[in-house]
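Can you keep this structure in mind? I'll have questions shortly.
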Amino acid sequence: MQRPSGRNPNQLRDITFTRNFTCHAEGSVLVSFGNTRVICTASVEEGVPRFMRGEGRGWVTAEYGMLPRSTDTRMGREAARGKQGGRTVEIQRLIGRSLRAALDLELLGENTITIDCDVIQADGGTRTASITGACVALVDAINFLQRKKVIQTDPLRQMIASVSVGMFEGEPVLDLDYPEDFAADTDMNVVMGESGSFIEVQGTAEGAHFAREELNAMLDLASEGIASLVSMQKAALAEG
Amino acid sequence: MQRPSGRNPNQLRDITFTRNFTCHAEGSVLVSFGNTRVICTASVEEGVPRFMRGEGRGWVTAEYGMLPRSTDTRMGREAARGKQGGRTVEIQRLIGRSLRAALDLELLGENTITIDCDVIQADGGTRTASITGACVALVDAINFLQRKKVIQTDPLRQMIASVSVGMFEGEPVLDLDYPEDFAADTDMNVVMGESGSFIEVQGTAEGAHFAREELNAMLDLASEGIASLVSMQKAALAEG
Amino acid sequence: MQRPSGRNPNQLRDITFTRNFTCHAEGSVLVSFGNTRVICTASVEEGVPRFMRGEGRGWVTAEYGMLPRSTDTRMGREAARGKQGGRTVEIQRLIGRSLRAALDLELLGENTITIDCDVIQADGGTRTASITGACVALVDAINFLQRKKVIQTDPLRQMIASVSVGMFEGEPVLDLDYPEDFAADTDMNVVMGESGSFIEVQGTAEGAHFAREELNAMLDLASEGIASLVSMQKAALAEG
Amino acid sequence: MQRPSGRNPNQLRDITFTRNFTCHAEGSVLVSFGNTRVICTASVEEGVPRFMRGEGRGWVTAEYGMLPRSTDTRMGREAARGKQGGRTVEIQRLIGRSLRAALDLELLGENTITIDCDVIQADGGTRTASITGACVALVDAINFLQRKKVIQTDPLRQMIASVSVGMFEGEPVLDLDYPEDFAADTDMNVVMGESGSFIEVQGTAEGAHFAREELNAMLDLASEGIASLVSMQKAALAEG
Amino acid sequence: MQRPSGRNPNQLRDITFTRNFTCHAEGSVLVSFGNTRVICTASVEEGVPRFMRGEGRGWVTAEYGMLPRSTDTRMGREAARGKQGGRTVEIQRLIGRSLRAALDLELLGENTITIDCDVIQADGGTRTASITGACVALVDAINFLQRKKVIQTDPLRQMIASVSVGMFEGEPVLDLDYPEDFAADTDMNVVMGESGSFIEVQGTAEGAHFAREELNAMLDLASEGIASLVSMQKAALAEG
Amino acid sequence: MQRPSGRNPNQLRDITFTRNFTCHAEGSVLVSFGNTRVICTASVEEGVPRFMRGEGRGWVTAEYGMLPRSTDTRMGREAARGKQGGRTVEIQRLIGRSLRAALDLELLGENTITIDCDVIQADGGTRTASITGACVALVDAINFLQRKKVIQTDPLRQMIASVSVGMFEGEPVLDLDYPEDFAADTDMNVVMGESGSFIEVQGTAEGAHFAREELNAMLDLASEGIASLVSMQKAALAEG
């Protein structure tokens, strides 16, 4: 088997994190998974949504968008169409849930962190890149809160990261780019914590199906990939 | 460990399928998973959406809704609020993808089957009940098309069914009702075909995480449950 | 003259009320007018809308919807289209106004009862069936409030019920089903109280017109039909 | 009994029709029922909506709006709020149905006439003034079509007009202004053709009810009032 | 050069102001610039929007709309389409900004004046007519506040007025009607105060461009026209 | 006078153009005016909007957006709120009109170029940076069409560029950053062609006004600034 990208089955794309990519946000990271590039910002705000007030816990929520020409063919702008599409909604809910697993919301106090993931260039795996980059921005925002003495605690429970895996010509492969994703039978997005436990597993066989052993092989690959991603996140955070 | 429902860990709720529940649809099934009750209808229409025209393949799509007072507290009506919520969108996309895996869309010809899943009473597991009931309605609609000689083929590849599994007080349990779902750490929805292969796996640990062995135990339980559900679907279809 | 349904001109369809049809609502009634079937629920909530606060009076409001495949041809889902159609809005305003005439809102205190009428199968007369079924659900909700000692009074002034009448081949007929409604020149929906007084009269001659004597004959028929409906409502409420 | 307006029970307000009020529309009438003033325009367009194409019949439809400060307190602009309210939708459907009863749509050919009723000053009875004024604008538009030889026939079957009646302190009164409408127990809008037949009867007893004799008395009054209105419409059309 | 309207290059159309055009608003003016006719109302409300509360300053805001058949071809009603178009939004923002320059908002106190400009007949220059007419309505509303002793001060800093200028066949012309606007290369809307200073200058060369001297010539013409308009505003306000 | 930025009155910020910033669009430029950074892409599509079909001319249109955290305080995402704000609509209409003045649309043939300007970091002047950067992207897209032989002509009439000017403490200043814009009395955005002619002039004195000499001084400064910007655009296009 030969991957369209020429990579080994268990090989990630080139991964980079550019911290402080924009100047206003408390956390701002440009993440690249190969040609997939996403601006992830973390915005801190005092207070929590109405339904949580007075409980002493914080909140993390996420929004996701793609620039209209981040893809090969221009997509209509969601703001102009007047609503977010189903895929967008699904992804931003996934990002929010995943990042809430990184924090102890009690220790965050009644503060809200809003994550914005805006894809400026897409080549497959935008949701996994978003989660992985957003976790770095989230840590920068937490550091900001500590530096400003808004919180005296450390709400970070663990780094989390995400990667896609799939079955390509009968073999499990890691971190699919767009042509690989398009050709694969099965696509699975996995979110894990640095301890190796699962946060989200979303496997889809659009019009097909996959066996238990295939599932197992894909999960093995995902675990390995996420361990590498967490190392890279930590290295990026160690700088500057 | 004692489940709130008093069921054994691997015990499904009482499952019933009432076919021909309403009179207009080509397939109409009232499905009950215990107190969760969903009206699933399959509506047949000639032709396919614009983006598929002329390719000779059919299409299956789904919509999902909850009656405002299907739940303990009345929810706002989505039609009145002017948009479907994120959870609704997520669920109806899942139902559509799952059911497309039941059919060979080539053999369906350029016909569209629209699945409507309307929850009239909710007690956990509305999406898994919807998928499981909708597959029965789908088969009735296929039979209608064959009886009317619209198609001469059999596009049904396999029955599909769905069930939830979760970790409750450290043990894997099958088919969670609402109080169990609320108390569980992890919730996983699994869609499988009658052959035992996976179509969708969606595991979520809202604010928590789960280990690989827990994942494995939950998948074992799901496989077992889905095998039972497929038997019941077939028994229901064998009647009348 | 022979009605399409074979009924006598002054004959109602088979009418049934199934109370406690769903388990969460304070009042829940499945009403059938022949093949027209509507789930009517009454939901009780403390407080009233902002514009009425502090006046000591209660409020009754209604929402109406049709499941997409309650009709012969599937209709687009209003939640998906992002707005309720004009007919929906017109009907739910009628239901709300009608039911407010059943109660003394002063005696209800500052509580709101929301009526949901969801048509699961349509064969003409969905608005009259909705009003007639909803009044039974409303009484169950009032009984709930009394049982829970939320109110010590009896706000029910009178039962109300509704039926359609029309001119079919020159003769007045009662309780039109869909084929009769389609063929009739004039369609009138009447809401009356058990005392025989009028609450709403809505007569429409789409593209036609009707004479004063025809109007009189239709109103006579409606009075007779509503008296029967009120008896059936009371019989249903006397059970259990 | 003394009406707030000082009028006799069967006395209309001052009624005026100003034809050619604006210059672009095929029919344009400013109608006044006392202080209620509505601009009614009729716009002619070739063709009919998709669902009627090829049947050879024409179509009449209506839209209704109120300028934000046509009322005592400024109302939010519906265009800014992004949707038409329920009352607006109800009224414009009534206007459209009523005017379709004025024409033989077969004789109109495949042409559409759109009626716009825009209330610039409101003092009760805006819907009845709208219908009455719009019928004059409709005739002007029909005349335009004949003059331009678009149609060789006369599609006008009859003039139609509309008026409100109500029960005020136990007596039936005609053509209620806003203070009278506010104080009345029952409000009924009647649309009739010049032959004296009914097109629409909409009686509402918000929170109250009315007896059969009261209904009869109100309908008598309405018949009388509409006969006068039709005379005034014809006089206005006879000018210029 | 001959203008389509036959007017001299520096000649305004016939300008009229009808005060108290409708009866409910605190200021109500029908303004005509030739065939362009706009109803301008000023509505006074106690209080200011949330973002300004407690600062002691007042607010002026504006909304703009066109009746569907104010133009040669009927436009879709914005309320029915569910949103205001880009041109509408642009114009109402311009009207609001312009009128705020007429007042000292400190002296207005925490009161809001909402300006509604509704075009009932359009023939070019609807935004300039709106601003010019609205300023008269605004003064009437200020007078109302003074008469009612809501304010003891005079917040009016200066009258403001607006006119369009353009380049037509190489020559600058004043106050373009629709055919002139359509044929002109450049269209500029100017808002000035009575002292001769600029409030807004918006020059647009759709698909073309204009030289500095042309700009200068157009501004000269605008200054002259606005001086005349202010005189007419003052004359209108001096009456009755 | 000392500008907050410390720049000379006639000094532009640091201006950079990064061509081919993203890989999918036919033209993609990251433009920086100091800390204001905008991604401008030009997307080419065959065909034109319906209202222009068959006329042989091309079309240029623009959309504008700001990432939620491009500003100091996070703004709500327009896609999530379900509509574009008035400011957004105003700006994207301005960008589209300006760029249409750069091209001879006849020579473009029936092709559409859609410009997307997405602000990733805002510090004042986002609309002027957008227009200036978009023109470079537009030229790259034109070059693409020529290279692909879609067009054999050169539709570029002239480079266009845009800059803001304002009155700050009584003196005219060029290219205002956010703190300067906030403090200035008057803000004017000017769009000019490389020949020195005007395309758009939009001067606003929110709550203030400016004299003719001030207007002249600001226009002088704008002409000078735009001449520099055009030189930089050309230098950027000359590379690679």
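Note that the chains are named A, B, C, D, E and F in the order they appear, and that numbering of residues resets to 1 at the start of each chain.
FYI, a residue touches a chain if its C-beta (ideal position, glycine included) is under 8 Å from a C-beta of that chain, and two chains touch if they have at least 3 such contacts.
The UniProt protein names, listed by chain, are A, B, C, D, E, F = Ribonuclease PH.
All of these numbers come straight from a predicted model, not from anything done at the bench.
Note on A-B: across the candidates C-D, D-E or A-F, the interface recurring with over half of the contact pairs conserved by residue number is C-D. In this assembly, A is the chain whose CA centroid lies farthest from the centroid of subunit D (Ribonuclease PH). The chain with its C-alpha centre at the largest distance from the centre of subunit C (Ribonuclease PH) is F. Centres computed as Cα averages put subunit E (Ribonuclease PH) at a distance of 28 Å from subunit F (Ribonuclease PH).
Per-chain CA centroids place subunit A (Ribonuclease PH) at a distance of 51 Å from subunit E (Ribonuclease PH).
In subunit C (Ribonuclease PH), 82-83 are the positions where the chain touches two or more neighbouring chains simultaneously. Ring order of the chains (start at subunit E (Ribonuclease PH), first neighbour subunit F (Ribonuclease PH)): E, F, A, B, C, D.
Contact residues of subunit B (Ribonuclease PH) toward subunit A (Ribonuclease PH) in the complex are 83, 86-87, 89-90, 92-93, 97, 100-101, 105, 188, 192-193, 195-212, 215, 219, 223. Across the complex, subunit A (Ribonuclease PH) meets subunit F (Ribonuclease PH) through its residues 22-25, 28, 35, 37, 39, 41, 43, 45, 63, 65, 67-72, 74, 77-80, 82-84, 88, 114, 116, 118, 120-122.
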